[in-house]
Amino acid sequence: MNEEAVKKVILKEDEDYIINMGPQHPSTHGVLRLEVCLNGETVKHMTPHIGYIHRGMEKMAEFNTYKQLIHLTDRMDYLSAHINNEAVCLAVENALEVEVPERVQYIRAILDELSRVASHHLWWSAFGMDLGALTTFFYGMRDREKVLAIFEESFGSRLLHSFNTPGGLMHDVHPNFRKHTREFVKYFRKKLPDYKNLLTDNIIFHNRTKGIGVMDKEMAINYGITGPSGRGSGFSCDVRKVAPYGVYDKVVFREILYPEGDSFARYKVRVDEMQESLNILEQLVDDMPEEGGYTAKMKPVIKLPEGEYFQRVEAARGEFGVFIVSKGEKYPYRIKFRSPSFSNLFVLGPLAKGGIIADLVAICGSLDLVIPDIDR
Amino acid sequence: MMENRNEFEDFVSKNIPYCTLNQGAQYPELIIPAEKLHAAAAALKNYKEQPFDYLVSLTAIDHLDKFTMVYHLESTLTRTMIVLKAVLEDREEPQIDTVSDLWITAEFHERGVFDLFGIRFKNHPDLRRFFLEDDYGFPLRKDFKDDVNIIEYPN
Amino acid sequence: MILEIYSFSTLTSSIDEGLNSVMAPWLVTLTEFVIVGIVFLLFYALLGLFLVYLERKVCAVIQNRIGPNRVGKWGMFQTIADLIKLLMKELITIKNADKFLFNLAPFIVIITSFMAIAALPFAKGLQAIDLNIGIFYVMAVSSLGVVGILIAGWSSNSKYSLIGAMRSGAQIISYELSVGLSLLAIVIFSGSMQLSTIVESQADGWWIFKGHIPALFAFVLYLIAATAEINRGPFDLAEAESELTAGFHTEYSGIKFAFFFLAEYINMFIVAAIATTLFLGGWMPLHIGGWEGFNQIMDYIPSIVWFFGKTFVIIYIIMWFKWTFPRLRIDQLLNLEWKYLLPLNLMNIVLISFVVLIGLYFK
Amino acid sequence: MNSVVRYFTDIYKGVTSLWTGMKVTGKYFISPGEIVTEQYPENRATLKMEDRFKGEVIMPHDENNQHKCTGCGICEVNCPNGSIEIITKKVPNEQGKMVRAIDKHIYHLSMCTFCELCIKTCPFDAITWGQDFEHAVFDRTRLTRVLNRPGSSLKKKEVKS
């Protein structure tokens, strides 16, 4: 065989060691399929395949009124469902130029932060488990349960509480809401050192995440990586700071930025964000007005004036955007959800290239993907 | 929202003369014909004072007689957001330039748009169906009829 | 000295004499083989079930849970129920798998762990076979298990399994060195490789106390290396459920899977038992020089209780590792061995040789 | 020499970080504190759901087997995914006129997404949330329920004083 032929045989696609991670795989966190091409254990290239739970939400939304389509947004990023709801509500309210009561804005912001903390809890649990620390899962879930208990008390459901409605809230929060939120903040502050000792300071964890999946700022912007993953690369993309909505211009908080861009930086951003969320919660709970009702006056059938409306909010995984095209009817003419995980997913391939399978798992965990959010 | 609006208008009239600049309700809107998209996008990306380097969202609208591609662009330097709209008159075989060489994230959003609208992107590196099977049809078009799972919505 | 009533030698010798009086010597040997085999089989199965139960309870308590609590009081029969379930499950045949090797692998794994148990001194006079190269034998046999794992990974025609098996091979071959070297420390101290002699040499104090710093050092190194050798805790790369779904036993089902599972837990017991025998005095009670009253009280506790008590403490520590730490990566795992454990072990061996030569340890 | 020092400080730091981690789990092993496990079927008697818990949609009936549903169909219109079907009938009232009344209020629990729009929009507060959450059945059709009980009738409006 001549040299050319040998080369051809070596580079032949069929000879690659391809493993399919997913659709059922413990570390893809849902029905995501990663087609990983390996050389030994080193990842040569990786292609994500999505669409296993594509539900056609954008099409479904075209047949739902603005009040009805709120419950669809719950089912995208189900871990921060409230924030998704809020995006649609804000878009509709801004389009109609409705002034929602200040109390509603405060409650929404509190729920945003609680959802964010709960979502980061789950991420922390699952990330630890991806790396093989199985106990983190239960500690994270244990603390998340406290948040879910607050949700359940006020809204009757723990995960998919379609509690927002254009113009305000479905009904008032429970009388104990403020007290229990304060209790949670106090409780979770006590538990945070455990998180630090168990995972953040652990040498094995450092070795597994530091310098793994390095993404610089340029790359993050180019790939549209937002949320904690983007901020781990120094990309200042917190919508709460960039384009404040609700009461976020009234509270004092810090945008967590880490310039390193590796998995550990992304981890640190989220852990610090949990702490920052507690600070925000404390301010909001103290300032929340007692009076003011829970909804603005809205017509029973909402018709948006003709035009195009874009609203973005900071969901737990990044920038969540809603783009509504209205033709003056009670149904939206076209609706587009810009979901954070969709953009975040596609940086996984370039980041995982050259690493080994264990790195791929670590990077995938640090990007914090929610698969229904990708597929919509 | 936009402090240096005059400068931006000057820039647009100099570099993208073929566009119509609308004030828009929320963000300034640039409407351009489809074949000029890539040039306009490149000009906006390489705008020195405020490079629009972050593609927030990319989508299409089916207007029954034409398609409109909608690009939401943001400058990470000045935090200004604009909307770039490209009008595709040809609805039968819609084609438009890809912008994935300017913003990599566009590659995947464009694949999504191709999947659901059937708009072909010229020079796209990897234009395949994303969510659906190859012979499914393009569900986000307004004239889409699902022959298999016929669900009539009570309107 | 330990009380004679707790010694098992009277029991074993009386059985031997009884058998000798009724049948021919070759038949006696055969009968004794059978008896020992049955006793060990029973012990093996019960121990495996208990260890699985223990692990689940320990991790439950660590994780603020209750753990198994449905079958029997405190869920005591949960593992037995699981075993019955596994026995009844279908043995799935894998397409294009090497049938013979695929079926052979679980047996190799389980037989090697079975063989290692034979040489362990459980109590005074309770040891199936007292080889004069006991440590050497145990190490040699227990490292044979990797052959079974490699065969399992290779023959099951699955990519995940193959990666898991290869990882396991690399891991066990390298950690074998550290285990050997840290055990060598005690061999130098006691001057013998026979397990019974080593235990006897600790009558007046365990090696971990008598050998002070270097022995303690060797003990820690042994614990780390042994945890790696049995594919557990932070070193469970061969299984690595978040990366390789289940590693080398991905394709196994039913009782064949149970064999791997059981062997893993028995291996944990074996390494803990070796650590007990070598570092913590085996079945020897805790004696403190000069405290005669205390020593006598300690003597009243049967030797078998001492042995299993110490073993389970070490098993708990190994479990504690597993439920605390994240998993290492394969290159870090090998780095840890070749760059840290092995040099430290070699230094320790030199140190111990000096200590023994000068006589700086407590005699 | 420097690298040797670094080698040993690395080991020391690593071991201490591992020990801090082990202290956390060890602490929980010795004093687990709050046990999170719910002993579910056993604690049925004490398990109390929140008042607002969204278990299923129910139609409260009073002691006279009367409910408040007039069969207006607003809930059916507002339901985003067709979980509610209203079948009405004509019944004579006191004056002998034929008026619309509810025949069957069919509720598909299997399709319900618990968005609360039906309950929110009902002008007569005829339906509300039930706290029952044990909906597991072997046959999906059993999740389709008729909310108004057989033989029930419309409750007369109390005259407001």
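Think of it as A, B, C and D in the order they're written, each chain with its own count starting at 1.
We adopt the following convention: a residue touches a chain if its C-beta (ideal position, glycine included) is under 8 Å from a C-beta of that chain, and two chains touch if they have at least 3 such contacts.
In this text the structure is predicted, and so the values were computed from the model without any measurement.
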Greatest Cα-centre separation from chain C belongs to chain B
When C-D and A-D are ranked by contacting C-beta pairs, first comes A-D
Chain-centre distance (mean CA atoms) for chain B and chain D, in whole Å, is 41
Here the gap between chain C and chain D, centre to centre from mean Cα coordinates and rounded to Å, is 51
Whole-Å distance, C-alpha centre of chain A to that of chain B, is 24
Residues of chain C that touch two or more other chains sit at 62-65, 323-325
So chain D residues touching two or more other chains come to 18, 21, 24-25, 34, 36
For chain A, residue numbers touching 2 or more other chains are 135, 138, 142, 198-199, 202, 204
Listed in rising order, chain B residues that touch chain A in their complex are 25-27, 53-57, 59, 61-62, 70, 72, 76, 79, 81, 83, 103-105, 107-109, 112, 116, 130-132, 139-140, 144, 153, 155
Residue set of chain A touching chain D in the complex reads 64, 67-72, 74-75, 135, 138, 141-142, 145, 152-157, 160, 162, 165, 170, 174, 194, 197-199, 201-204, 206, 300
Residue set of chain D touching chain C in the complex reads 11, 18, 21-22, 24-26, 28-29, 32-37, 39
Seen from chain C, its contact residues with chain D in the complex are 58, 61-66, 69, 320-321, 323-325, 340, 344
Per the touch rule, the chain A residues reaching chain C in their complex are 17-19, 25-27, 41, 128-135, 137-139, 142, 198-199, 202, 204-205, 207-208, 356-359, 361
